[in-house]
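What follows is a pair of complexes built around chain A, which joins chain B in one and chain C in the other.
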Partner chain A sequence: MTNYGLVIDQERCIGCHSCAMSCKQENNVPMGQAWNRVLTVGGDHIDTPEGSYPEDGDDGTLEMSYQPTACQHCENAPCVKVCPVNATYKREDGIVEIDYDKCIGCRYCMAACPYNARVFNWDEPQHRPEEGTGDVEERPQGVVEKCTFCSHRVEEGLDPACVVNCPADARIFGDLDDDGSTVSKYVAEYDTNRLLDEKGTDPKTYYIQGEMSPGRPWKGKELESELDEQPTPEEADDPDSEESMRRATADAVWGDD
Partner chain B sequence: MSGEVTERSATSTVRSPVVSSFGTVSKVWLGHLGVLLVAGLGAWAYQLQQGLVVTGMRNVFSWGLYIMLFVMFVGLSAGGLIISSAPKFFHSDRYEGFARLGVLVSLACIIVAGLLILPDIGRPERLYQFFTSPDFRSPMVWDFGIVVLYGVLNVWYLWLLTRRDLAARGSRLAFGAEDTQAGRERDRTLLFWTAAVALPTAVMLHSVTGWIFATQVGRGDWFSPLVAPVFIAKALVSGLGLLLVVSILADRYTGFDADRDELTSLGKMLGIFLAFHVVYLLAAERLPHAWADHFGFWAITSEFLIGDSIYFWLWTGVGGAVPLVLLATPQLRKRLSVIFVAGVLAVFGTLFEGIRLVFTGYESVNIDAAPGISLGGEYAGVTTDIWATTGVYTPTVIELVVTAGIVAVGALIVTVGLRYVPLQRQTEQERYAADSGGGGCD
Partner chain C sequence: MTKESRPAHEPIPEWDEAADEILDGCGYDPDLGKRMAEDAIKITNGELTEQEFHEKYHEEVKTEFGTDERPTKPEGFDD
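Moving on to the complex of A and B:
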């Protein structure tokens, strides 16, 4: 069985908000709403660190990282269990999705979601440009909406928009049930944590902290499972490949990972 | 007691409505309720057209006044049904004089509670999905079922209590029931069985409404096994409080005759419920956390005793300690005015308990890093941008008007009930004194 999941490498994330912007664009997310947002883990405001500046010969304690946050596509999703009319449901492939024709707008799912990943269309949704953007139909007033892992792209064999558009290779999407997929390997290899793990929701979004991963050795915008050849570390090391060139540049900027 | 039954059956005291006709005052009252109802409908229509953006709710604080008052009115609906069915279950005639009025008030409250859900729904035209596509894992589906069942049970109960008197008066509301001695005897048996069903249904109603909140891991203090028992206690307090208030008002302004001794006795019972709810259950809820979070004796004690918000104090102080003291003082609790004030304050307190419950779930968020959560609309409160890291809520005028309209429906039901349902208590006195021991003869 397919069970899609996402790995976000917080060591690689540069806080550029490309994932949030491409999500908004691709999914036609209304003005004033965000399905995907990049939070600053640090000070009280966006892009501010916590701690103190190095002054008077002291070592500074400044600390800041970014936490891109959207629907975690929980295995034990409280939003699915509370929906009175089966509008929110879990697909065979593990993606938690909303049937916008069924949703009655009771917002019990918003109360249930510990991550505040869901938004409600309080009024007639506004789009810029007015005809909307991206490849997803707009949702009407009075329903709840949220991240779908870009299921419309996944069904076409494409990675979610936020994954493809991450310039830092910090987002890796794939099948957690496939032991050979990059997501499965990273979950096994790296120090990962899941948001609010203690709540028992069993989320399928994993955050890498500590050691930086090499991202995913890209072949294109396709899902890994759609590729003719599986990407391998050896390939990534091929000095002539475009991928390796990109990686080498990244290494020059970020140092040896 | 058995002698009394025979006597009553022989004389067949037929009860009549406590309002014989709508006079000028009644008409002015009904007119006011009508205005509120029309205003509420207008406000709801405006809200349907503009969207819930005209409420104070936003993405972080996504349930507001409608749900707070839904919780309250579910609680209020407890009083009458329990006061009328608990004695019947034990074959007692105690509080018989309050039974009919009580069930009428219960019915009005559960209808108000059900109606309060409607304006909270984003797309009410899709509510049929509850029937075509229900998910039985959802506590909201359980609650939908139990609220409907409870409402139907109240209608049946009120009719069963009054149908022989309705028949005797030739009312069409008797629906073919006849006023015969055998019929009245049979109804007593039916009333026992109805009470036997009504009591567990009431317990389920309040528990399930509590479980809507208590099952949620993501909303702070909501996730507590104590919520359902607290909802039961809250229902006993507010339901009985409202019944006392309505009884005293009906006694004052209509032909309804509330027995003073029974009022005092019910007042004492309200005091006991208050002590259980506001003192015992609250302490039981707070002590373990206060103890685990602090080290020093005074740190534990102060955390345990000191409240967190204005809503907490309005509930436990104004709506808890004050009525408790009033009802615990023997010189005071016999006075009708004191019982009335205590009832009002008990209802007032549970209103703020419900408000506080919703606030504890939405005020703070689990992941509060900047910039936070998109609010999803131009926020009318203190912040101006689309992001928030805490929940803020103030109901808008639209919400208040819609709510007032729905509460007016409840008041209309009670008023019309006073006019058409035979609520008049019988004139025999001291019947309640015979309830102990003689129960089996019914």
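Moving on to the complex of A and C:
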């Protein structure tokens, strides 16, 4: 069976917010809402570093690393268990989705999600441009929405928008039930961390920390399963190398989609 | 982390406030939403079974929403 999951290599992530922006664009996420937020690790607030400023001539310990966070598509999802009308449900392929026609806006799922991954449309959704963006219909006022793992793209054989548009190749999407997929290999080979692992929610998003992986080892927008040949991860790119910088800048400016 | 080694779920004061804000004015019983949210984490944690959860809230959910479509319904459960 297919069981989709996401690996985010925090050693590769440069905190550029491309994933957050492309998510918003692709999914027609209303003004003032975000399905995918790039948090900083250790700081007091989003976008603040950890450590201390230089004082009295010392070097200080300021450091900034990033933790992009969206719905973790938990296997054992508390949001699914509390929804009284079964509007939030788990698909056969592991994606946790919301049926917006069924949702009655009770927000019980929001209270139950330990990752703060859901947003509620308090007002009539507003978009810029007004007609909206991307390939997904807007959701009405009074429902909860969140990351769908870009199920509309996945069903077309395409990787999620945030994955394709990450200039650092830090996001890898694929089938965790396929031992040969890049996500499975990276989960097996690298030190990975899942958020709030101790809660037993069994999230499907794995964060690589410590050693940098080679990242998403193929270009283009297809799902790995759609490729003619299995990609072979090379040695991890040095993200500070001239070539990596050039490629990241070109991808960010021109897009890869 | 195995089921046995998971720490028991402890209420977090910050969550309490956040949940109050989320559920304030939701049009349904906010207290029920909070209790169910806490207990849903106890299921993932291994402190409560889905069956216990379903049975515990079935009547309240039916009274509040007129239906109970939660996927936690045990086989053969009599509505």
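Going forward, the second predicted complex is superposed on the first by the 218 of 257 C-alpha atoms of A that agree within 3 Å, B and C clash if a C-alpha of one lies under 4 Å from a C-alpha of the other, contacts with A are read in each partner's own complex, and residues count from 1 in each chain.
Going forward, contacts are C-beta pairs under 8 Å (C-beta built on N, C-alpha and C of every residue); 3 or more make two chains touch, one makes a residue touch a chain.
These figures come from a predicted structure and were not determined experimentally.
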Side-by-side fit of chain B and chain C on chain A, or clash: clash
Chain B versus chain C as contact partner of A:49, first or second or both or neither: neither
Comparison of chain B and chain C by chain A residues contacted: B
Which of chain B and chain C A:214 touches, first, second, both or neither: neither
Chain B versus chain C as contact partner of A:103, first or second or both or neither: first
Which superposed partner A:197 touches (first chain B, second chain C, both, neither): second
Contacts of A:82 with chain B and chain C, given as first, second, both or neither: both
Which of chain B and chain C A:114 touches, first, second, both or neither: both
Intersection of the chain A residues that touch chain B with those that touch chain C: 78, 81-86, 104-108, 110-112, 114, 116, 120, 199-201
Footprint of chain B on chain A - complex, ascending: 30, 32-34, 37, 39-46, 48, 67, 69, 78, 81-87, 102-108, 110-116, 118-124, 140-144, 195-196, 199-201
Residues of chain A touching chain C in the complex: 74, 76, 78-86, 89-90, 104-108, 110-112, 114, 116, 120, 197-202
For the chain C and chain A complex, residues of the former touching the latter: 1, 3, 6-7, 9, 18-19, 22-23, 26-28, 32-34, 36-37, 40-41, 43-46, 50, 53, 61, 64-65, 67-72
Contact set on chain B toward chain A in their complex: 50-53, 55, 57-60, 62-63, 120-124, 126-127, 129-130, 133-135, 137-141, 144, 212, 215-219, 361, 365-367, 369-378, 386
